[in-house]
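What follows are several structures.
In what follows, chain A forms one complex with chain B and a second complex with chain C.
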Partner chain A sequence: MLNTLKDLRDLVVSLKLTVVLLVFSIILVLVATLDQVNLGVWAVQEKYFKTFVVFWKVGNVSVAVFPGGYTIGGLLLLNLLGAHIYRFKWEWRKLGIWFAHAGLILLLIGELLTGLMQDEYHMRLDQGQTKNYSESYRNIELAITDTTDPKFDEVVAIPEKPLLRLETIQHPKLPFRVAVKAYFPNSLLGMRAPAMGAENPVAVTQGAGTQIVATQRPLTYKENERNLPSAYVELIGPEGSLGTWLVSVALEDPQTFTAGGRTWKMALRFARHYKPFSLTLLKFSHDRYAGTDIPKNFSSRIRLTTPDGKDDREVLIYMNNPLRYAGLTFYQAGFENNDTTTVLQVVRNPSWLIPYIACGVITFGLLLQFGIHLVGFVSKRRGAA
Partner chain B sequence: MKRFLPLAILVLAALLVASTLLPPRYRSEYDLATFSRLPTLVNGRIKPLDTVARTSLLVLQGRQRVTAADGRTVTPSEWLLDMLYKPDVADSYPTFEIVHPDVLSLLNLTPEDGVAKKRFTYVQISKNLAELARQSRLAEEVEQPVRSAFQRAVLQLRDSVILYQRLQGSIVAPGVPNFLEQLNQFDAVVAAGVAAARARQAGQPSDAAAAKTLLELTDSFATMEQVGYLLPIPPVTGKADSRGWHNAGAALQASVQAGRLNPAITTYVGLGLAWRGYQPATFNSLVQQYRASLDREIPGIMTKCDVEARFNSSEPFYNAMMIYVLAFLLAVFSWLVWPQELGRIAFGLVVIAFLLSTAGIGVRMWLEGRPPVTNLYSSALFVGWVAVALCIVLERLYRNAIGSVTAGLVGFSTLLIAHHLALGGDTLEMMRAVLDSNFWLATHVVTVTVGYAATFLAGFLALIYVVRGVFTRSLDKDTADALTRMVYGIVCFATLFSFVGTVLGGIWADQSWGRFWGWDPKENGALIIVLWNALILHARWGGLVRQRGLMNLAIMGNIVTAWSWFGVNMLGVGLHSYGFMDAAFWWLIAFVASQVAFILVGTLPLARWRSFSATR
Partner chain C sequence: MRLHPLGLLLTLPLLLGACRDSKVAVYRIPKEIDTPVPAASPHAGMAGGGDMSGGDGAVARADGPGLSWTVPAGWQSKGPSGVRKDTLVVAPDAELAVTAFPGDVGGELANINRWRGQLQVAPIGEGELDGSVTRLDVNGLKVGVVDIAGGSTDKPARMLGAFVPVGGATWFFKLIGPDTVVAGEKAKFLAFLQTLKADASTAAFGSAHGSAGEPPPPAAAPTAPADMANTEVIKAEGPGLRWTAPAHWESRPAAAMRKATYAVPNPAGAAGDLSITAFPGDVGGEVANLNRWRNQLQLPPLAPGEVEGTVTRLAVHGLNLTVADYTGGPAGAPVRMLGAIVPFAGSTWFFKLTGPVDLVAKEKPAFEAFLQTLSAP
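Moving on to the complex of A and B:
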């Protein structure tokens, strides 16, 4: 028993394990890179890196073929920590190695934290428009808003998961239940024409769905395309059904109805993340090199205001120069509508400083270690000559 | 005697190199030198016409020299003059390289119709332009990564034809008879036309012909503004800002408004009439007068144009490439005979070639106002430069000609790669918005490129170990140990730089896109290089590999680096896919195959190694 433990310890701290794990990570990164041609970068991360095991589809069966990013990264972390604790001695000659690996441990932990905590949204602003929320790229929500009081809106947002599971949702703020009849993760809208076979799979009795049909589409992973989900929901009040609606991300305006003596708006939309401040796009500029279409710079002049009036200033966001405010970072990500709409990427990453520190530590360690090597080598040659 | 021979040879080589820096001599009565240094704005950069002529020829036909049907050699500037002013003559030069057999049959051509079985004239192509246009529309509907070789060839030829037509329409409106003659009478034509139009508006008798002439002219100006490729008309105020530059069409329209021909256009019209009318004296006095006025208005730009034209004609990278080959051969021979003398000559040649490419890179940096690496082409130059610099250090330390051999090999190969990458057009490109940051170009890009160079260098040193060990008896224990130390040291160096470079890339990404690491293909490529170098070091420290294993791992590093450098660009996905190449794909495969072969050779049992079987 003791021997087995000893063997295990020797394995955990061994350089052999390091080399094997390095080989595994190279293969994983290589295959994941090649698969980006098929899946796009997001799906690849889920399939290869943010997982313990990589599955490949053989026919209809998922087969575990390779350890995933979490497994390899975790084992590398274990190997590093073990070797650090067990084998490293406080020696001047090894100090560089010690720093380099300590930094590496920090880097791996930082990446794990980033993977767990980082949120990415985007904010689309037309010239002159003001917004106090950003939208998710992928997550959606079914928002049901009580608009009876003109002074404020009360929003109930139902996330994607219950929609996917076709659940019936009861919420204390809603005087009705929401029964999800069908859900398409990606869809295409068209005009309803029962004679031509263009008919909704669920009979729609209310709203836009009486004229429009949604057709299910396969999920897309292309960089320049988005999945546009649609759902069929039936609202059931105490006296029975209020009707069935078609809701879709592709429908621009929310659909209005009344229930329980109040006025409601309902929309399927990309999940919103509200902020305690608002941004107004004053001007978007798109500079090109003279006589060409090669973009030289994109920039957004933004007015940043908080409700309490403590902040009211203009900022300029451009390439390589984001706005960092209230734990969020706003990057110039794109533009639309003939250069009158700006698209800002909004990132919340509380652990963004860790890689900077880790890299500094590793670089220092490597410089120290190889510097010691080099000095030793040169003085040896001097001595020999 | 033996002592001075190396020195004499090196001095001779240095003189030869220096002679390339002299002003180029044109065997022509026309002052082509001054003409070729006239400035124009193209693709966002102000450059001499010489550069436009050369890069256009490279794009069209893969080389800078034109051979006319009668066997006469046409220099790039003469070709440009014919393109601008004698389009019918230019159309008879074989300046389109077409190799794809299906594209040829599309145009009803066979290889035998062309010069050297691959160069065709515009006249030959122009009969079937409609079919080419139809095929390119079909090809364009297919997404870029999945286009077939035929579709890519069709689109490439279509782009070449467009470039050719736009270049021809830069000064003279296509299809307008006596265009230059009309411009020569510009003031009178405009005055008559305007007077006629006013008279007709006032309801008085008017010269309908004059009005019609002016209307047709202004129509052709508008067309020229759309198609004109060159923007050779400097701003009237003479400011250095590149925004004020116009093409002839725009300047002509402004001239109509002003009622007076733009002076730069006047010059280009005069030059055209002189070129057509075989009047070298007129041509020369016009071009020199214009040059003198430009020297007063925009002296800074003119200096840059002069330097760039001289840089073009001296071809520093081509010459350095040739010297590297020579150095490589001499250094290899030094292992067989006269190690001292040949070794010294080889090392001296490496230093000369290195200084030459240093000067070349320096001039490019000055012209562009950028750090050394801005695109794939300059990364090839820089990878070679760094690797040769390290080789020079190694050679100074060890003096066993290994550094010179490797320098010759790496220097030559990287410059050859660069030479082929230059076929895409002007290599001094403007930086796209996200890359427009000298700070990050100077830190991340340079460091990561140094990492590439060092990883390659370790691999090439390992190749020498394997080749000398297996095929010759020259790998004695001292040399083998020295090579091992070199490879080990260079791998350490490579680990440091590729790691720091990759991390700086992550920090740049965090600054500009909001994430430190995005699993983008190019990022992954750099990561794999770091992991591979780390693997080599750990395998060595853990005693998993010894000399031969270290060498084989280092050769594998060549494959890893080549894939990260070029392979990921061929995937055509991701934020870094700025240089999609196609023909290069097969070269990459061939390179990988050759490295695999060397690794297999390197794993032969020691008894089969000629060097080691002899010592035992």
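Moving on to the complex of A and C:
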């Protein structure tokens, strides 16, 4: 038993493990880069790096084929920490190496935290438009909004998971249950053929779905395409069913209905993240090199306001010059509609400072180490002379 | 079992991460007024070439037959490059670029405003269009010419632009440079435009909608019968297609998702239904859309290679139409469908007439004539 533990310890602290893990990471990065052609950046990150095990589909069966990014990164961290603890011997001559490795450990932890905690949204603003929310690129929510109060709207946002599991959702804020009859992670809307009607698996009795039908499509991972989910939901009140609706990200407007003496709006949409401040696009500029159509610069002149009036200022966002405010970073990401709409990428990453600190610590450690060696070398030469 | 502190350290963030996004959220927001936002398109984010990589976003080049011209003395041709059909060096700091793209590239107004934007001049409205375009008739070609002065105050620039619709494509001639240089070349530019000629093959081909290898489109459908109502119906916010519906079709209120609905009366039974819808992007592509229709009629799907035999391709006022005619449905009550798919300005428009077989057969000429009235604004 003791021997097995010793063997395990020797393995954890060994340089061989480091080399093997580095080789594994090289293979992982190579394969993931090649697979990016099929899946796109986001799906590749999820499949190869933000996972413990990489699965490949063989027919209909998922087979574990390779350790994922979390496993390799975690073991590297363990290896590094283990080796340091096991071989620790205080020596001021090695202080620089200690700092460099501490920086490396911080970098690995920072990357793990970024992977787990970073949120990415986007905000589309037409010129003159004001918004106080950003939207997710991929996450979906079923938003049921009580619009009865003249002063505010109350939103109940149901995330995608219960929809996918076709759950029946009961919430204290809703005077009805939401029964998910069908959920298509990617779908295509079409008109219901007048002579047909029974082709649809779910009979829709309310709203746009009485004329439109959603058909399931395979999920797309292409960079220039997005999945458009749709769902059939039945609302069930204390007196019985209120009807079945088709909701879809591809439908433009929320569908309105009354229940429990209140007025409601329902929409399937990309998840929104509301903010305690609002942004107005004053002007989007797209400069080109004179006489050509080659883009030179993109910038959005934004007005940032808070309801309490504490902040009311203009900000210029352009490439590599994002707006950092309230823990969020707004990057210039794109534009639409003949240069009158701007698309800002909104990133929340509480651990964004860690890589900068880690790089600083590594640089300091390396400089210190080289400095110590240089001083030693110079004094040795002086002594010899 | 004792949990090692290191293990705890490693698993804690994972546990934290697992809790996210699985709870129903409730929050209050200030009263929202629903603004008509464009529906999500299956094409990620950057509709209309809005990514950071390209200027105009137009990547499709019009291939096939086109225009020919004579280069004036003093100008030098650099030949085709990239998306340019030709580049003529007018002066050391002024160039004339010749490009051609399929379709109308968003229409005259959009193109002129794009040019005005490049010279930092405010866009014009529909009403000001006629005042700012000089129309020329050159060897049977309809040439529109604009003269835009702009740029910064210390570096005034000028652009002489001409656009020429030729067989389903639009050709652009753009001379841009310092104000004084371009103004001095204006007479020569106008003389140059007078040398434009459609290639002999263009006239015979009639459309640049496909590559030269494709068969020419079928003979034109019958011209609009006399009973066409003259009321023009314009649907859709922003740029939309226009059409004239036959007088005997009854316009119905446009329901959700539909740009327009017409009931086609049938004295012998159930009425036919003509629906007009438009969705952003290519909605999955031509084959997927045709197969969706076939599925509605309980017909087996077609492989991409089989589509050609079942559709007719038409070019109408610069628009490329794919017309399908399918009969299917349940054995007891067969249904026939005439459908047209029309890509236009980044969206796809669908015109679909469905109804009993006899009615649709009778209405086919009217439907074809109706398609011939389609035009871009």
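Quick note on the criterion: the second predicted complex is superposed on the first by the 348 of 385 C-alpha atoms of A that agree within 3 Å, B and C clash if a C-alpha of one lies under 4 Å from a C-alpha of the other, contacts with A are read in each partner's own complex, and residues count from 1 in each chain.
As a convention for this text, a residue touches a chain if its C-beta (ideal position, glycine included) is under 8 Å from a C-beta of that chain, and two chains touch if they have at least 3 such contacts.
Given the structure is predicted, the values throughout are model-derived calculations rather than measurements.
Three-chain overlay on chain A, with chain B and chain C in a clash.
In the superposed model, C is the one of chain B and chain C that contacts more residues of chain A. Shared-chain residue A:322: touches chain B; no touch with chain C. Using the contact criterion defined above for the overlaid structures, shared-chain residue A:291 touches chain B and also reaches chain C.
In the overlay built on the shared chain, the residue A:81 is in contact with chain C alone; chain B does not reach it.
In the superposed pair of complexes, A:46 makes contact with neither chain B nor chain C. Contact with chain C, but none with chain B, is seen for A:217 once the two complexes are overlaid on the shared chain.
In the superposition on chain A, A:10 makes contact with neither chain B nor chain C. Of the two partner chains placed around the shared chain by superposition, chain B is the only one that A:355 touches, whereas chain C remains out of contact. With chain A as the common frame, the single stretch of chain C that clashes into chain B is 78-86; none of the other options in 78-86, 240-248, 294-302 or 312-320 do. Residues 223, 288, 290-292, 294-295, 298, 319, 333 of chain A touch chain B in one complex and chain C in the other. Of all residues in chain A, only 70, 74, 77-78, 81, 112-113, 116-117, 122, 129, 132-133, 139, 141, 145, 147, 150-162, 169, 171, 173, 188-191, 193-196, 199, 208, 211-212, 215, 217, 220, 223-226, 228, 249-254, 270-271, 274, 286, 288, 290-295, 298, 319, 333-339, 341, 343 touch chain C in the complex they form. Of all residues in chain A, those touching chain B in their complex are 14-16, 18-19, 22-23, 25-26, 29-30, 32-34, 36-37, 40-41, 44-45, 49, 111, 114, 118, 120, 223, 288-292, 294-298, 319-322, 329, 331, 333, 345, 347, 349, 352, 355-356, 359, 362-363, 366-367, 370, 373-374, 377, 381.
Every residue of chain C that touches chain A in the complex is listed here, in rising order: 6, 10, 13-14, 16-17, 21-32, 34-48, 50-52, 54-56, 93-95, 110, 113-114, 117-118, 151, 155, 157, 176-177, 255-258, 270, 273, 275, 277, 279, 283-284, 288, 292, 295-297, 329, 333, 335, 337, 350, 352, 354-355.
Against chain A, in their complex, chain B makes its touches with residues 41-45, 145, 231, 242-243, 245, 247, 397, 430, 432-434, 436-437, 440, 485, 489, 492-493, 495-496, 499-500, 503, 506-508, 510-521, 524-525, 527-528, 531-532, 534-535, 538-539, 541-542, 544, 568, 571-574.
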